[in-house]
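Presented sequentially are two complexes of chain A, the first with chain B as partner and the second with chain C.
And now, the complex of A and B:
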């Protein structure tokens, strides 16, 4: 994929990331040869069904691997090689360069500590004096649109609504002035109006600070709207990389096309949603060759022979022998 | 303070008072429930003249109705007057005051040992997991199943008789001498509580370790001691404090066996001795104090919970 063309400005490059869990005798594969890059100031989407490995990939950028997982390949986040990095290097990376915003703000913030403690925690860990960290937290709360920050830092997470708490989480992620933000379905747990506000907030902060963002979501419309480029994941592999603009208008991989057909459109130009046949596969239960072939209407024997190589198709890079063969 | 919280605190205090009243009725009623004439029970069957019997009857309030007698006794108890000991011929309250100087340090010492060692083992087994956790769980099961009198005998024969590191009897005098003397009895009492805490603590800590906010904190570069303190121990505090409260209150009862085994002049040995001497005013007094201590500790723990878990304050939990 175009990860091969990565430039010095990249805040994240992932090359050939493979991950497996379970005992060495009967390994359970989780990711197989994931490639992607995020440039400075760029928003890159990572879309796919549950269990496709989106979150695993995003967390890998922080060096957060599942316990006992065996990982190979290369993950370079903000200039640090994450795989095989020692504890100190990982801590430095997490405290200074890369932040993550998680799906459910209720679970992500410690319920028994004050919001101010959450905001200043990462700064305090890298030695910023208490008063300075507190001032920075107040600024950030104001920046993410929380009224009366002085009272807010004294309150507890359960005293905030989900949307407000996600703003607090975003403020916490920004507190370290990161080069890269990993947003793991940051709006999935929020209601629609709050979603739009949180997205607008993330996007304005990205533009202002030139922060790169890896945006994990299963919402294709959202990905198409805010991402410069989008990676589509299926069963632990990236099957298509395309631009945000072409994701909905010219999807190439049969899986992407099926996803587009399956998502209800807000604008009524795609007709009724058509569900993707079959159920989502994890990499461990995927068939040989192309992992989508058992759900793909265009699949034949050639698809079973090997994992399809990536080829160009219009503006996209597709791991499919017959891109765009399936009708939308 | 929110109104709901005040109501809740008031409820807890009323409940505590009701528990003490109910227990005190039972404790006082025991004197009247003994078979035959209570005076015979009080005087252990000694031969007495009718005048003497009448004197005992009046001194013990047995010439009054049950309700009247109870109210007199409770009224006295509220003024810290628990009557006269039949054996020592002194005030039960001053008797208790002397003994408390041995029992309270013993209970505190024992609680500190159980909490420090139990929680440390729990944290190690939750963090390490695997073989360490399994070994810790066996150790905790054995400790939980060891009654204080068994622990006392083992400790006495190894550390007092065998190695001679600690004295076998006596409470010592002066601050350090007292701690030195109380080490073995405190350990004997702490063994079972240590086992319970190690298990309950390991479960609470590993539950917290698996929570998302711990992963999030790790992902923000928080690790080691700060992670355990702010995200694991801090969050496991509410269930742990509840268990520690119950265990500490139970230690008060445990003094009966251990103080007798180690020849300590404490409240527990006073209770055991008074039962065998049929010194009923003392038995009633000690029992009442035990109930008050038990209820007070548990009420304090309950009242501390809103400080530990802010969600309790606004009624989000419970």
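And now, the complex of A and C:
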């Protein structure tokens, strides 16, 4: 996307990322030409529905590709080119520079090891002495709002609630002082009240340390509230890049507009959410040309001819021939 | 009870309490539901909203309190089938409530076989009707549950619940797992069905924006108790209880301060500790619009 110019302060740049799986004879396309960047201290959202490829894109930043997938393009995370990197380089990247927080904290920690071990593991692997690593772990737990860290480090994951364990996972993600955090639906499994607390935590860390964050979510309201910029994905492609502020107030791509219209709102008029015909598609199922055209009320033959190029529309970059043509 | 043509509540829950050992999951919960009305139950996990829903449909027996369905208490051995005719439940993940080896149409047919014995041809016609009603065709009917998308499975679950023409549908986080474009389709379908059939809804959910759109009245639950009960629009615009405010402040919106809920929570916890009496603007209203 044209907006993805490389900046010197970028902690993540993705350019022309393509991915396909399956046998070479009948490949299954997963991603097509994904461009995005995350600057230092910036929170960038990646929103879309199931199968849009948002998690695949986020994982690609760590060199986590599906088994057997063929990948091309360029992915630079914290100064390391990820595609084609050897295991040692990837291990170093994951250990020191880039951390990931997933939706389910229980899948991210070893259930039979104490929480303290989880937190000191990455530090010990870097050669930090045991005692110092332990002190750092206590510090981190305090920082993420766990009461009585001295007791907490000796407890097991099952002794924590989901929200508290997600704090532990975030503490672990921060233990190495990463340049970039990849947060894949980190609050989706939590209550709204706990979500707010976890978001407040991530946000204060971003401000204090200048950590860049790629925030993957299906929640438009959340993305609009916390992200500097937001990329909207549909069927393996980015269809719009816009600011958090304009995501809800001035969506340009028909798909973004459809998502906004379909989301029930807590404020303003109680207009009923407007359904979008059909269901979300993956890239493999999508029609030729614009992937959204079979669900788009403004689509015509021109949309079938080719994948629309990205063009500027106000503050946004949109892959559509007729941005903002669909009424909200 | 008022006789004649007076409209009576289709569901009355009175002083429902459920204890698991020494833990009280639900305490003194009560409300009435009129035909065609829609009541929301909101709260955090552990607030007792799902346990309340399960008591209503009979999946959980209350420690004390009563559920009256269509004028008669829902209890006792012979009452199970009657209860199933009157009240049905839809879960967040319909996959878990379908037999994975049976076609969707057959699953929808099952309650018909149980409740309306008669010629198979009639049943099959009714199944096709029900599937059509929720926007599924014969192709989806012949499919196995795993071959349908999440939205289609939820439609099938709704078709099956409607097969017995229940007076009340309990929806427990029924649209929470769906993509937003599909969620809007299901919400529109539910609204249409309520209008056409007069089925009343009890909608359990954590998403206040969704609850706002599908309910007229809402119960806010915290730690097993109802802390606020009133007209949905009023409760969301002008919450009386600090806990309701906490829930509302937690919802992201432009200019959102994610630190505020934590402050609300501390204020609320401070409020909890010393005072033994009720009060603090707790809305004790057990209003019925009947």
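Keep in mind that, in the parts below, the second predicted complex is superposed on the first by the 323 of 328 C-alpha atoms of A that agree within 3 Å, B and C clash if a C-alpha of one lies under 4 Å from a C-alpha of the other, contacts with A are read in each partner's own complex, and residues count from 1 in each chain.
Methods note: contacts are C-beta pairs under 8 Å (C-beta built on N, C-alpha and C of every residue); 3 or more make two chains touch, one makes a residue touch a chain.
These numbers were taken from a predicted model, which means no experiment stands behind them.
Applying the stated contact rule after C-alpha superposition, one finds that A:207 touches neither chain B nor chain C.
Once the two complexes are overlaid on the shared chain, A:275 sits against chain C while remaining clear of chain B.
Once the two complexes are laid over each other on the shared chain, residue contacts for A:130 go to neither chain B nor chain C. In the superposed pair of complexes, A:312 makes contact with neither chain B nor chain C.
If you count the residues of chain A touched by chain B and by chain C, you find the higher number for C.
By the touch criterion stated above, A:259 is placed in contact with chain C alone, chain B being left untouched. Chain A has no residue lying at the interface with chain B in one structure and with chain C in the other. The touching residues of chain C, when paired with chain A in their complex, are 44-45, 149-151, 179-185, 187-188, 191, 206-210, 212-213, 233, 236, 246-256, 258-262, 265. Note for the complex: chain A touches chain C at residues 49-50, 191-197, 199-200, 203, 218-222, 224-226, 245, 248-249, 258-259, 261-267, 270, 272-276, 279-280. The touching residues of chain A, counted against chain B in their complex, run 59, 62, 64, 87, 90-96, 99-100, 102, 104, 107-113, 117, 121-122, 125-126, 156, 158-159, 172, 176.
Of all residues in chain B, only 211-213, 215-223, 226, 230-231, 234-235, 237, 308-311, 314, 316 touch chain A in the complex they form.
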